[in-house]
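The following pair of complexes shares a single chain, chain A, combined with chain B in the former and chain C in the latter.
Our next item is the complex of A and B:
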């Protein structure tokens, strides 16, 4: 895969407080890269720096072999999609979609053709003369996506664009967006704090914490083999212990009085909620370092005390921090 | 049912509380308005006629006055709006601090007549600026100083109103700037738009309704104000309110209907202007309000 973007030790400070502490990564042409991390870890700042809406205090951003450090946002082939659709309320759907094309002086004929094609792709042709206030939340985000994609940017930045939508809509839109990005062959950098969304949208996944990437890799590897405790707590699907990580499929919830075999570990907890996942009951168990969703063969109830049980051999040791950090950067 | 009775009771209560204010407006302003309209359609002996209006539009003094009034009012309104807009745009971050706002509010506190007198003191040929420049040797004597007040163009009047009304424009526009979601400007930039595009697309649509309303208020106010044109205007042509005043007080009683009709004409024009302009922007405003994200 040809390299599109290279970020070298990107640094950003706000009043002496470091928000980005030397972020380094690269992105291939047509690749979909996702960054997941808790609120305030620097994800949005990273996107804003890439879009040119914030200056950088150190490092460099190279797009297609050229440094973007001193390039204005309007001159970068990078479009940012925000959490809210942010459609211009006084313009129709069609005018919103053609807005960027007009700015880059595309001829009227081409503007109309390209916008109509894009509206067709996002299934909003019949809404082209509607105003934003006449659309639903999902439709607004589709228009916002169409407005960004019609420009055919080298890089599309998505800042938790589905966070304001309901769960069902979010799930359906995720698939549609990824499909559309593939069709248009547009590289994307997607940030989210939603684990499912991160995994689904990513070709490659990075976990961000406290202004730096702490793990990067294929979504399955990152989720099942977190490299450190922080990563395990942010993205790992399973139990994050100090000594290592136990994937979810190795965990089972048992009654409090059930005998635990010697080669198994047992962590006491309390069931705070019962839910259904893949047609099976799952229990949200609160233990002294957090909560975890675990299946059980027993029929248990909310409020009941129980033990999370796992084979000791299932514990996956974390990588040494320094060694791993060098590898990530 | 109980809710409906409660609502009805509340309506009656509200009506009762508003009654004194409504009565004062209806009796004093309403009666005054009606009396002016009625007298503009009456002869001195009380018979009904449209003669005063027909005479008015054949009267050269009125035509000269109305041309001057429209010119002065339009220029002063546009300048006040433009300067107020530029100042708000540049300084709205600075104005978040309430003590700095006081600087702008000072001209609002000064009465119009005093403002006119200050302009006269500073900018007339015998004023402070001309004395200062003549002391410095920039001009040989005070008579070389350009005629800025009591001139036929109405420059002194325009300057006074611009100085007085710019803070009013700022006062109207500041809340708009604080309400604008500035993330839209970032959207414009990432879509390839310049700072100017960002102003046109993000700020202007929100500013337009307020600018139109403020413009209508300023236009109606300047066109019908008396004291500043009386102080800073020339004998001929004079602004319409001065012309009406002269017909009302200085002429014989037969000119009184002319005085009323001379003020009713711009009043009606201002009313029609406000109805049509505010009606036209209402749809735009609703679209903006409904479509905004927060």
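Our next item is the complex of A and C:
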């Protein structure tokens, strides 16, 4: 895969606190890269630096072999899609979609043709003369996507664009957006704090915490083999212990008085909620260091005390922090 | 039955409100128009004894009238222009950036409202004389900024705060340069604020008597300066005529400005 973007030790400070502490990564042409992390870990700042809305305090951003450090945000072939659709309220859907094309001096004929094609792709042709206030939340995000994609940017940055939508709509839009990005062959950098969304949208996944990437790799590897405790807590599907990570399929919830075999570990917890996943009952158990969703063969109730049980051999040791971090960077 | 009484009450209230509106807003205007065409309309007559163009003739016979209307419009237009030029960037900076001493600057920008304008004008006169701006139109324009600029900044700032930063950033990432951003996003969305600033500053500038008299020194003659002496005269038709001219000027101005602004916005926002 040809390299499109290279970020070298990107640093950003607000007053005295470091928001980005030397973020390094690269992105191939046509690749969909996702960054997942808790709120306030620096994800949005990273996108804003790439878009040029924030200046960087150190490091470099190289797009297509050229440094972006001194390029004005309006001259970068990078489009950022925000959390809110941010459609221009005084312009119609069609005028919103052609807004960017007009700025890059596309002829009127081409503007109209390209905008019509794009509206067709996002299934909004019949709304082209509507104003943003007449649209639903999902439609607004579709227009926003069309407005970004019609420019065919080298890189599309997506800042949790589905977070304001309801769960069903979010799931259907995720698939649609990924499909469209592939169709248009546009590389994307997607950030989210939702682990399901992160895994679904990614060709490659990075976990961010405290202004740096703590793990990077294929979504399946990252989810099942977290490199450190923080990563396990953010993205890992299972139990994050100090000594290692136990994947969810190795965990089972048992009654408090049940005897535990010697080669098994047991962690005491309390059932805070009961839910259904894959047609089976699952129990949300809160323990010392957080909560985890676990299945059980017993019939248990909310508020009951129970033990999370797992075979000791199932514990996957974390990679050495420093060694792994060097590998990530 | 209760229903019909309710409707009756609602209708009555509407009729009363309309009557009140007519009484307070339309009737005085009609009276002034009638008065400007009246000859001798004294208490307790309900209507004038006779009608004529005497009042208007006196007004238009005044050789300095046309000139003073032009001077007034010129000054007011420059005051409006300068206000927009200064208030828009100031309001934008105050609403977007946070910096040390921001509250001090805010207080400073609003201080002319707190101190009587005439006091400032007295002090400023010395400075303006030194710079050769006294008794000149430029000096009058500058001094008219004292009672207008604080309001202009206030109004524009509220506009910018309502607008927020999101749409501006969205326009940036879609490739719009600062000027294009202003023309395509800020200008159309700030139009209500801009309209208020234009009307308010135009009317304030139009109504200045003391500041114009002090700094203009009698050489810069605006409509209020011409209008004032007529008050001592007994011809009320003339005063009524002047009042109508006064009221029409801002209306004509805002009409023309609105058309101009809409043409600009339509031109930059075509597909």
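Keep in mind that, in the parts below, the second predicted complex is superposed on the first by the 329 of 329 C-alpha atoms of A that agree within 3 Å, B and C clash if a C-alpha of one lies under 4 Å from a C-alpha of the other, contacts with A are read in each partner's own complex, and residues count from 1 in each chain.
The definition used in the following text is that contacts are C-beta pairs under 8 Å (C-beta built on N, C-alpha and C of every residue); 3 or more make two chains touch, one makes a residue touch a chain.
Every value quoted in this text rests on a predicted model; they were computed, and no experiment measured them.
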item: Superposition on chain A - do chain B and chain C clash or fit; value: clash
item: First (chain B), second (chain C), both or neither touched by A:59; value: neither
item: Which of chain B and chain C A:112 touches, first, second, both or neither; value: second
item: Contacts of A:244 with chain B and chain C, given as first, second, both or neither; value: neither
item: First (chain B), second (chain C), both or neither touched by A:84; value: both
item: Touched partner set for A:133, first chain B, second chain C, both or neither; value: first
item: Partner chain(s) touched by A:95 [first = chain B, second = chain C, both, neither]; value: second
item: Chain B versus chain C as contact partner of A:22, first or second or both or neither; value: neither
item: Chain B and chain C footprints on chain A, overlapping residues; value: 51-53, 73-74, 78-80, 82, 84, 86, 88-90, 99-100, 103-104, 147-148, 151
item: Chain C-touching residues of chain A, taken from the complex the two chains share; value: 51-53, 73-75, 78-80, 82, 84, 86, 88-91, 94-95, 98-100, 102-104, 108, 111-112, 115, 147-148, 151
item: Touch list for chain B against partner chain A, complex; value: 181, 183-184, 186-194, 197, 201-202, 205, 284, 287-288, 290-294
item: Chain A-facing residues of chain C, complex; value: 166-167, 169-177, 180, 184-185, 188-189, 269, 271
item: Residues of chain A that touch chain B when the two form their complex; value: 51-53, 72-74, 76, 78-80, 82, 84-90, 99-100, 103-104, 131-133, 147-148, 151
